[in-house]
């Protein structure tokens, strides 16, 4: 959980804008890949050294440089200097606990998003930060570790599927954002399956384990919300953007992203309501069961405690107890106990306890 | 439940705007019907092939083409191309988990709405998506399967009831929306009946089944809200629309729709409050009952356990127990027990336990 | 409860603007009364036939026509035609489940309000719809049934009390609204009395009945809110009205109405909080009581079960049980039991159970 | 509680603006006091008759007239006429259940505020209404009964402490408002003490009484909120006032009032949260205790009930029971019971029940 | 807790703007330190007397005067007079319960912030107020007691690390605010650790102590929120400031502060949700345990109470009880009891109680 807090204290009193990597080292070595493409060409360099990334590309092609791994500060620093990006932004890239954001500057747009993944077996949400810098005919993406997240887009670029090669770097950024938001749907679907299985569990035979799983999931949903909620604002900024880097042809697509993110947030809300509902169901089922248990105890006790008292009476050893000498005393006692038993039975019957 | 999540993962990494039908195949074959009408004429073609639908109609009549079934992608694609509609919108028509929306373009207005139905016996809400495209003198409606939902409007068109034939395609769209919102009232009424019957059940003799039904209904209400809430915004966009496709004469009627949708949403809120209230009633009734049960157990135990102890004492076999030899020992013991019994009785009386 | 839902399904597929009376027939026959007044004259016709109501009056007097009963559709239709009122509005008058509203048109203002009444003995809120149409020197009021609600205003008109005869039709409408809002205070006061009596009940000796009454009242409050909340918006529209039908001299008074409605809504909120608080009190009192009950049971059981075990031991019939032969065995056993009893007593004393 | 509702029904159907005193008669006779002051002079007349109050003062001094008691309607009516104040405002002064408000008119500003007091021993909040009318060089204050609330300000006027004599009537009004808001801090502090003592009570040994006190206090907080919340809006109107009656030199001070009222409202919110928290603590402590109680009962029962069964077996009187004749039968039985006892003990030990 | 309320009553009726120190005396003697710096020079005087602080510095250097301790009113008064600061602001500096604020005046900006610290072992949040006055080339900071909070900034100034010496007094204020907000991260991290340890405790074996700790922490969070929430507004005012005292070069950095404070507030919200969740977990775990306890009690009672009744029957001393004479009576009884036992066992098995 601690990872949700920006560990600023590792640099308490440090100069704002100084680069410190805040996050686990998720990859061994920073890896670079460079894709240069335009309507006619596609070229991919991988792996390559940092020096080969600059200058990004000769005009008029588009260049996409992807950086996997954030732990080598001097490498990140080098990129920041090359791109003339404000140190505070480079700090944000390194701080992997940063909240999603969209910031427009004169020469570039800076975007932070979260990839989310639901580990169904661990009942846990994992997030990876993706930072995107969109410049003139140029896209930089920063990931915490090497993943093949962007493979579908690389393939579309390579095979020139759809309009991706025909459009500019802004459309590439849109495609990346669309892909990330698509990953939210995957996550939601896995969570939905988990919720369904928990719901079944709680309806058939709830155990303490079930409850703990629900609580765990509720907690994970709190974290997930934090990663996804700000994306709505981001898409909204995208839609209203008047940066020259975003062309009108790309703006059209942002409405679609907005519809998706609204649907995701609504689904998150539904999930929360469902989890609250399940907790309530659990509690009321439990309360029901307690009543059932107590009914059994009460019925048994109420019937047999008085009877036990009666047989106790005739187990006393007083020298003079006239009933003991009666010939049918024993049978009369049985008769009385039977009548008592029937009365108790009718009492509980009338109370509709069974 | 999974159906509430846009199954984007079936096309994770696919090109935005590529047509994929997301939803169950609810009808066997796509069916087309075409109605051409103006103040003097009414003409209905049904069934007809897709090619006969285009061109929609010669001026100055209005054309309404209804398409039942969405699973033949190439048919939908054909229509999209003919109408020159943006692929992203055609994708929305096919994605039957889309949230309701109203979007205005230069040449057409695109509307997504949900028909809802409450299956009382299953305690379940079902939704069907209806997409409407309003163009110049032209309306397209897309439904998931063949239903006679629009029959009342077809009849009004045929018999020229009211002003429907005198007014344009926009009034037809208004009439369709009015019909769909009317269907919400039907649904609410059925739910109200369900709530009333559950309320009676909970007041007379609540069972665990009742609770489960309440939880089920609460969950269905969550889904229903999701389908109906966005409609308010849609009507509000309708009211403020400055599209040339919506004539002032039709705008007047949108206020009525708005009143209705507000009333529906308020009723949904009331239902939610009622269901929460019922859950509370159930819990407190249960807690009450537990108290009642425990009182009985406690009264019985408190009275008979001490008495059983006393008779136990005189059941001991010590050789020297002076009381045993007393002539009235037995009766004195009964006396003492009677006094104890009365004291206990008075104790519970004073505690007002009965 | 069903009455809270606009029963649109009775006309599913009907033409919008077609007149159907939605509500119970609360009066036998529609009754008309006409009052014509100005600063010098006052004239009241009652009962009179519908034809005599038109034309409303010769200038420059004010005319107030009150209609009791809404079930004769053709009568309402006749009035609508005479006044040239949009059929959708006439539909609203007939639909007695309509939410309160204020709508301004070029020639008239249309107002829907609810009279509310709390039946203390039934623990139930009843509402009656009052529709008001304010035209030039002309007021129409529609009520569901004959009631003497407006009697105080008729008396003030007749006796020329205050400024009512000196001012125009708009002031009459203000007076009617003031009267209706006054009736809310009455209702609140009755509910307050009910709440107080329930509070006393819950503090002294809560029963399951009390809880049910609280739940009923909570539910009634939900309905009441629905009738009263929109009135705030209505008054607010009144205050900001720039219709030529509302003169500045009358506008001054609207501020007073606004203060009142705010106070009513605040009181409703307080009532809801009080009812929630009472429910909590009930639950925690119940939980307290359960603890008390269980303490008694536990004390009795914990003291006597071990003692009963001891006496049981010496009730065994083994041939060789040395203690049985001891001369003081019996008394030693009593001693041991006494010590045990005292220990238990001290144990519970230390736990502060009494 | 009923006093929180504007008892409009005592005048249902009355003319708006007719003067009726709504509140208890808190003082015997209306008392008047008049203070005339400017930078050099200070003059106090007390008591004096109503006629001597008018005309308030010759220019250019400031006049402050304080009226204690509101029950003599004709006196209030006389003042209203003299000051030419709208009857609706005079009605507001008399209605002591009015919510706080600030209203600006051409010639005067009308302010309603509540003095609040917390009676610690009664656990009750009491409110008194103070109405202030600020005119040109003239202040009128109306209180429900004679109190020395304003003494500190009279003393500052008399002794010319601070800038109060140098500044105008508006500064006097500011000083009065500051004093009233100061009284809220006093009230909050007393409530804080109460909350602290209740918190201690609930932590050490909660009783049903404690719970009732918490509920009472929660209810009082609901009322208190109603009296204090609207003051924020009042101060905010004060700050933004462009009335000629409020001079810029006085406006500077309003920011300070705003800070104070925000702090008071935040503290009210904290108190509410604390009280809710205490209720939760109580409930969970109770649930804890129930578990403790049940554990004791279960341990005792589970250990001794089986043992009692065993000794019961050998208390049977069958003629042929071989164990009874065994020489060590009695001791073997004890051995078995001891083993059972130890097993039970270990069972509860493993369950960590002690 | 009382310290959260502005103890205005110590000066009820006092003149607004009169200086009274509201807070504990946290330091023995007021201490002054003066730092004069520009791009080339750095000079620190410490300790020094109050007279030496004025005039702050000769142009064009920046002066930072830090005052530790607020209890000597005449010293504070002297400073206020020297700086010509409005007495109401000086009052705010002395009132250490003031809420955070940012106020811009013609010649200076006045800022109140809270340093917060979480004492993990005491489970308590402590706050210290820091007031900052930013003038032309001049910064005053007021702290409640001597602390080395600002040491990192003094070091950066001394060693000219980063841009701090190159920029003006406004950047120094930004650095101070950044440092204070950094301290919030530290606090949150400590609280996160506490929450994690409590979460573990509650999952493994919850005790009443755990619950009390949770409630304590929840209460502390309420206070913490009050200190941190208003900071968002402060940073937002900073960002939108158009004071000539804040240069554009410094404004750039305010965005970073805003990101941080949003993250802190979101984390606070998450903590609250986690604590609520823990409380729920505790309650449902408890309810689970109660069920477990009751199951054991019920199983034992239900099995042995009827058996004890049977053995009681044959412990009766009736002269004529035929079964007693049967040779296998004893063994038959055992058989019957065994069968009963097995039936009970199967009953509980079917109910899945173990």
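Note that the chains are named A, B, C, D and E in the order they appear, and that numbering of residues resets to 1 at the start of each chain.
The rule we apply is simple: a residue touches a chain if its C-beta (ideal position, glycine included) is under 8 Å from a C-beta of that chain, and two chains touch if they have at least 3 such contacts.
Remember, it's a predicted structure, so these values are computed and weren't measured experimentally.
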Touching both subunit B and subunit C, which chains are there? none
Superimpose the Cα trace of subunit A on the Cα trace of subunit D, which carries the same sequence, then give the rotation angle to the nearest 5°. 145
Quick one: report the Å distance separating subunit B from subunit E, using the average Cα coordinate of each chain. 43
Centre to centre, by mean C-alpha position, how many angstrom separate subunit A and subunit B? 26
Touching at least two other chains at once: which residues of subunit C meet that condition? 283, 287, 290, 294, 297, 301, 305, 308, 312, 315-317, 321
Chain touch graph shape: choose line, ring, star, complete or other and state it. ring
Circular arrangement of chains, read from subunit A onward through subunit B: A, B, C, D, E
Residues of subunit D that touch subunit C when the two form their complex: 1-2, 4-9, 12-18, 86, 88, 92, 97-99, 101, 103, 205, 208, 211-212, 215, 218-219, 222-223, 226, 279, 282-283, 286-287, 289-290, 293-294, 296-297, 300-301, 304-305, 307-308, 311-312, 314-317, 321, 323-330, 333
Contact set on subunit A toward subunit B in their complex: 151-153, 155-156, 161-164, 175, 178-179, 182-183, 185-186, 188-189, 192-193, 195-196, 203, 252-253, 255-256, 259-260, 262-263, 266-267, 270, 273-274, 277, 280-281, 283-285, 287-288, 290-291, 294-295, 297-298, 301-302, 305-306, 308-309, 312-313, 315-321, 352
